[in-house]
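Next come two complexes, and both contain chain A; in the first it sits with chain B, in the second with chain C.
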Partner chain A sequence: MDEQYGSKLTHRLKWAYTLLLVATLMLPSCYVIYISFNEHGFGAAKYDFTFDWYKVIFTDKLLLNALGWTLRLAVLTTLIVVPFGLIAAKFYKTTRHKVLTVAVFLSPLFVPGDILGSALLVFFKNLSQMFEAFSDWLGNEWFYGWFDLGFFSALVGLIIYALPYVFIVILITMARYRDQQTEAARACGANAWQAFWHVEFPQIRAGIFSACAFTVILTFNEYIRTSLLKGGFDTFTSVLVSQMLNEGMSESSYAMSSLVTYIAVAVIGSIIVITLIRTESLEREARAKAQPAMAS
Partner chain B sequence: MPAPPSFFERVFGETWLGRAAMRLPLAFMVAFFLIPLALTYVWSVFERTQFWMKPGFTLFSYVNFFTSARLENFLWSMGHSAVSVVIAFILGFPIAVFVRRRVPQVAQHRVILLFLLPFMVSEIIRVFALRPVLQRNGLVNTVLMDLGITSQPITSILYTPTGVIIGEVMSFLPFMVFAGFLAMEALPKYVFEICEDLGAGRIRTFVDVILPLAAPGIFAGSVFIFVNGLGIALLPNILGGPGAVNAGLIATQAITALDFPLAMAVSAIMMTTLLGLLYIGHRLFDLTKILSPIT
Partner chain C sequence: MTLQPNVSAPGSDPMTSARDVAVEVIGLSKNYGAVRALASVDLKIAAGEYFVLLGPSGGGKTTLLRLLGGFIRPSAGTVLLHGHDVSALPPNRRPTSMVFQSYALFPHMSVARNVGYGLKLQNMPKAEAKDRIAAMLELVGLTGYDARMPHELSGGQQQRVQLARSLVLERDVLLLDEPLAALDAKLRKDMCLELKHIQEKVGITFVHVTHNQEEAMTVADRLAIIAEGELIEAGTARDVYERPIKRFTADFVGERAIFDGTVASAEKTGVQLDLGFGTIAVKAPAEASAGAKASVSIRSELLELLPAEGKAPAGFETLEATYRESVYLGLTISHVVSLPDGSEIAVRDIAGAGPAKLPEAGAPVRIGWKAEDASLHLS
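Coming up: the complex of A and B.
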């Protein structure tokens, strides 16, 4: 530790401030979890622990149906966006137009959900009308409903939302990989797939799994774009928000909010723990490799 | 001996099909992100019909926006977002500096990872969760009154601009830490040692060395907070009370009212604001520098 900088007390205070800030940012979510276990709900003088509000969620058919749609969206978004992120990161490494590529893949981060959602909604409605007009011109109904608001449009919105995160996570992991290793594998007779699967993939695997985890969380968290683009079905967050806006924060809203938080905390927490363990083991491995050389 | 081409090589190799596959995500982004956003400028000048819009050229939506209370609301939300940016910078950026300067190299990413936890909890939950914390009989007032700091609950936080600013800071602060840290990571540690060797004080080091060198990251973090503060409708809707509006809320309200050209005009104004900010930032600080540590 760099003890030469500043006093120990200042250093500890800075640590305390950092941890306090993380705790403060987590406080509202933790408070919601705390309320979700109170039989008497928010603001009650009495606190009796209960799981009842969670039971309500899992017996509500509307919610279970919405949860099913969210899961389907999460799986399909992950299956599409992670390969997209990987290809995009590989494309970035080879292209000469790096600034433009980064700008395209990262700019959705800077476009608020309401604005992108509105633009996509109008885009899909126009596209749908154009295809229907084309169908009418052909004298059949082949292209009817292709771009109606629904699962596909919601999926597109989610892919655009998740792609910047996936791209950056994979790019960070790839930064540690040296392309000479692929060249060496190819020189040893491996084909492109073997070089990728046996040499590169094991080294970027952590990034790819993290990207999958991020995508699932982002899909569960997302509301704005999906609510504008989903058409007739409901997702978990759209039911939650409509319940909160129409009926206020009910006891089951607290439980539903907590459930979404558990998923995020469990997945991100696991990533953090796995990262810590992995870094630790890599350091141990590096120390072990260095030991005999130093001894000799 | 070179191996025969595999399926992967045939698909992703140097064939036209391979090149096309490598450009698939880019093509997707052009088709479903860039084109719809660019078309907002076209749709914004279409004429409104009862339930939809028809091709034409009218600036009615822009006139409607700039000559009504919407402009005032937009400017107010810009002011709130700017305040949120400043607060997030004051609270978050020192952490990026501290982690980069004082935390050992191996532990730096672990500390930054901690901020991923609040950032990845759903935005909706984070915003809604502030209600029971900030409201009249909420956590903050209960604690303050229990400690004897106040005798009456504070009612000027929730459903006021303060509530919106708190929501924006709580929602987006981690991004300032991430972008700030990424920018700080591009600085070699010896820069700080040189400053100390040359006798530069903390303030001088911060103002003359750290700020200019970390400017791309600070700018990226600031634009993210500013634009999302302007564009996420949920923030004023949930925390701002009646009358609190931002660009995102104007756009979604226009869609609910089936005024699509107005919604597109608001989107176009937002896009112009964003592009203008990014252009200025790129000219001033070269925003690509932020990615240098990871590329």
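Coming up: the complex of A and C.
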């Protein structure tokens, strides 16, 4: 700070602003965590610390069942959308029509969630009817229920929702990657997959893992599209929201929300900490070796 | 300007008929939509030859190199490597390896892993690969650097690692795409000679792309001038420098005074060229007919600055000019003179070897040259 020309007051104001912003974003979550440890629940005048509500989670079958469906959705969405996003980002780097490509892959971001959810709902209903009509025409019931609302339609909704984010996250990481390295690998005898796996993937790994974490968090976060498209099963978010609307949040709901927050913070925090430690360690190594290397 | 290729007919090239042909391209073209990057190039490169593709930026030389390496598909034509048609093969199935301009080392791999990457793909036993890597690092002067990461190396060292990574594969043809462009002038000079010596040691065919004439002259057994997507002219470095056939080559390689005019008369021993402000004779047998457009070029170091008055030395052609200025360039001094048509040319002297007293700016002078030092260009 001393060696720069900026004023100390401005510097302190910037820090104060940053801390205020983080506090504003995080305080509601912190409050939920605070309540989750209160034996008397939300709004009680008395506060007695307890882990009981976390124990109750594992007896609440509705919540556990919803969590199971959400995890299944999260895993499948991640497995499908991350490779899609990677292929889209690679396509973007090679195509001459970059503006069009970005517009296509980011377009779901510009459609409000309820509109997109409703559109998909109508789409799946019509598709289902068409296939049923086709089955009737064939004189059998082979195509009945193929496109009924359910896990598949919810999955499609989540894929469309998550793809733009995954595309952007991977593209940002890939921007630093130089395609000459892939060509160099090919010149060494690698086929296209080997060149990707040995040379490109290790350099964009951070982006891909971040995209995976991001997709899992988006899946937990998503309510509107999933509620419209899920059919008969419940997801964690839909249970939380319906509980809150119908009977208010239960104490175990607070504990469950807190648990999800811990997992999200742990995953994202680990990625950031590992990346920072790795970067610093590489820089330290480079500093140690660069001097003799340059001198020789 | 339409540029016509001027390469020897197949089979008649002394460089390629004496040895096996390592690289042959026939009618090779590459278009990007309506943009023509390379237009029907024919070329032969002998096995063990150090061949340079020289030309201005955007001329198509890198496109030709990438077509040889299989990094882009040709729009038309054939690529033969040691007689085998490889036009449809991807890079990993061609007997070529490549050194890139820069940034092509794998940053997450050590020097040894970079060099040994191709050997690993071949499933070579570890002990054998280790020996080969050590030998290659010794060849490029990087013994003891095997554990370093690419970001710990200087630009020159990184290019040496790239070279080792390509040579360790023992492929028949090594392609080098502006390998020295990112290096400073001194390092580039040193690396040029080193490249040449390494090529002589390993004995394989090197095809080297550059826009730097000095680099090309230093390493090339033969070179080809590529511009506007066409192969203009090919020959030894000395032939191309001293006796360029095309006007473009005369203008691009070295520093030459070029006079454009009309053939006044043509005989078996030479032609008379009317420049509009004077007539000059060129002792060069050429298939020129009176009235045809032609150009004459003379290397600037073969031009002499003569007094305006007095008799020219025997066998000299002269033109009237006006002295403008001199520029000291260290080894040489460049004298700038203007001709009656307003164009300016440079006359180059070794510093200290020219006239003791230079003419004043604006003073009338003459420039002269031996008639046999001039080259005639009909295209």
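Criterion: the second predicted complex is superposed on the first by the 282 of 296 C-alpha atoms of A that agree within 3 Å, B and C clash if a C-alpha of one lies under 4 Å from a C-alpha of the other, contacts with A are read in each partner's own complex, and residues count from 1 in each chain.
Just so we're on the same page, a contact is a pair of C-beta atoms (placed from the backbone, for glycine too) under 8 Å apart; a residue touches a chain by one contact, two chains touch by 3 or more.
Since the model is a prediction, treat every value here as computed from it, not as a measurement.
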*asked:* Quick one: is A:F105 in contact with chain B, with chain C, with both, or with neither? Answer first, second, both or neither.
replied: first
Q) In the superposed arrangement, does A:A185 touch chain B (first), chain C (second), both or neither? A) second
Discussion item. With both complexes overlaid on chain A, does A:F220 touch chain B (first), chain C (second), both or neither?
Written reply: first
Contact-wise, after the overlay, does A:M249 reach chain B, chain C, both or neither (first, second, both, neither)? first
* Asked: Given the touch rule stated above, what does A:A45 touch, chain B (first), chain C (second), both, or neither?
  -> neither
In this superposition, the partner of chain A with more touched residues, chain B or chain C, is B
Notebook entry, point to check: Given the touch rule stated above, what does A:H11 touch, chain B (first), chain C (second), both, or neither?
Noted result: first
Item to complete: Using the superposition on chain A described above, determine whether A:Y31 touches chain B (first), chain C (second), both, or neither.
Response: first
Ask   = Who does A:Q203 touch here: chain B (first), chain C (second), both, or neither?
value = second
Which partner does A:T237 contact after superposing on A: first (chain B), second (chain C), both, neither?
first
The intersection of the chain A residues contacting chain B with those contacting chain C is 186, 189-192, 194
Residue positions on chain A within touch of chain C in the complex are 178, 180-181, 183-192, 194, 198-199, 202-203, 285-286, 289-290, 293-294
Residue positions on chain A within touch of chain B in the complex are 1-2, 5-6, 11, 14, 17-19, 21-22, 24-29, 31-32, 35, 42-43, 84-85, 87-88, 90-92, 94, 98-99, 101-102, 104-105, 107-123, 125-126, 156, 159-160, 163, 168, 171-172, 175, 186, 189-194, 196, 214, 217, 220-224, 228, 237, 240-241, 244, 249, 253, 257, 260-261, 264-265, 267-269, 271-272, 275-276, 279, 283
The answer for chain B against chain A in the complex is residues 1-9, 12-13, 21-26, 28-30, 32-37, 39-40, 43, 52, 91-92, 94-95, 98-99, 101-102, 104, 106, 109-111, 113-118, 120-126, 128-133, 137, 139, 170, 173-174, 223-224, 227-228, 230-234, 247-249, 251-252, 255, 260, 263-264, 266-267, 270-271, 274, 278, 288, 291, 293-295
So, in the complex, the side of chain C touching chain A is made of residues 69-71, 90-92, 96-98, 100-108, 117-118, 121-122, 145, 148-149, 151-154, 157, 162, 165-166, 169, 175
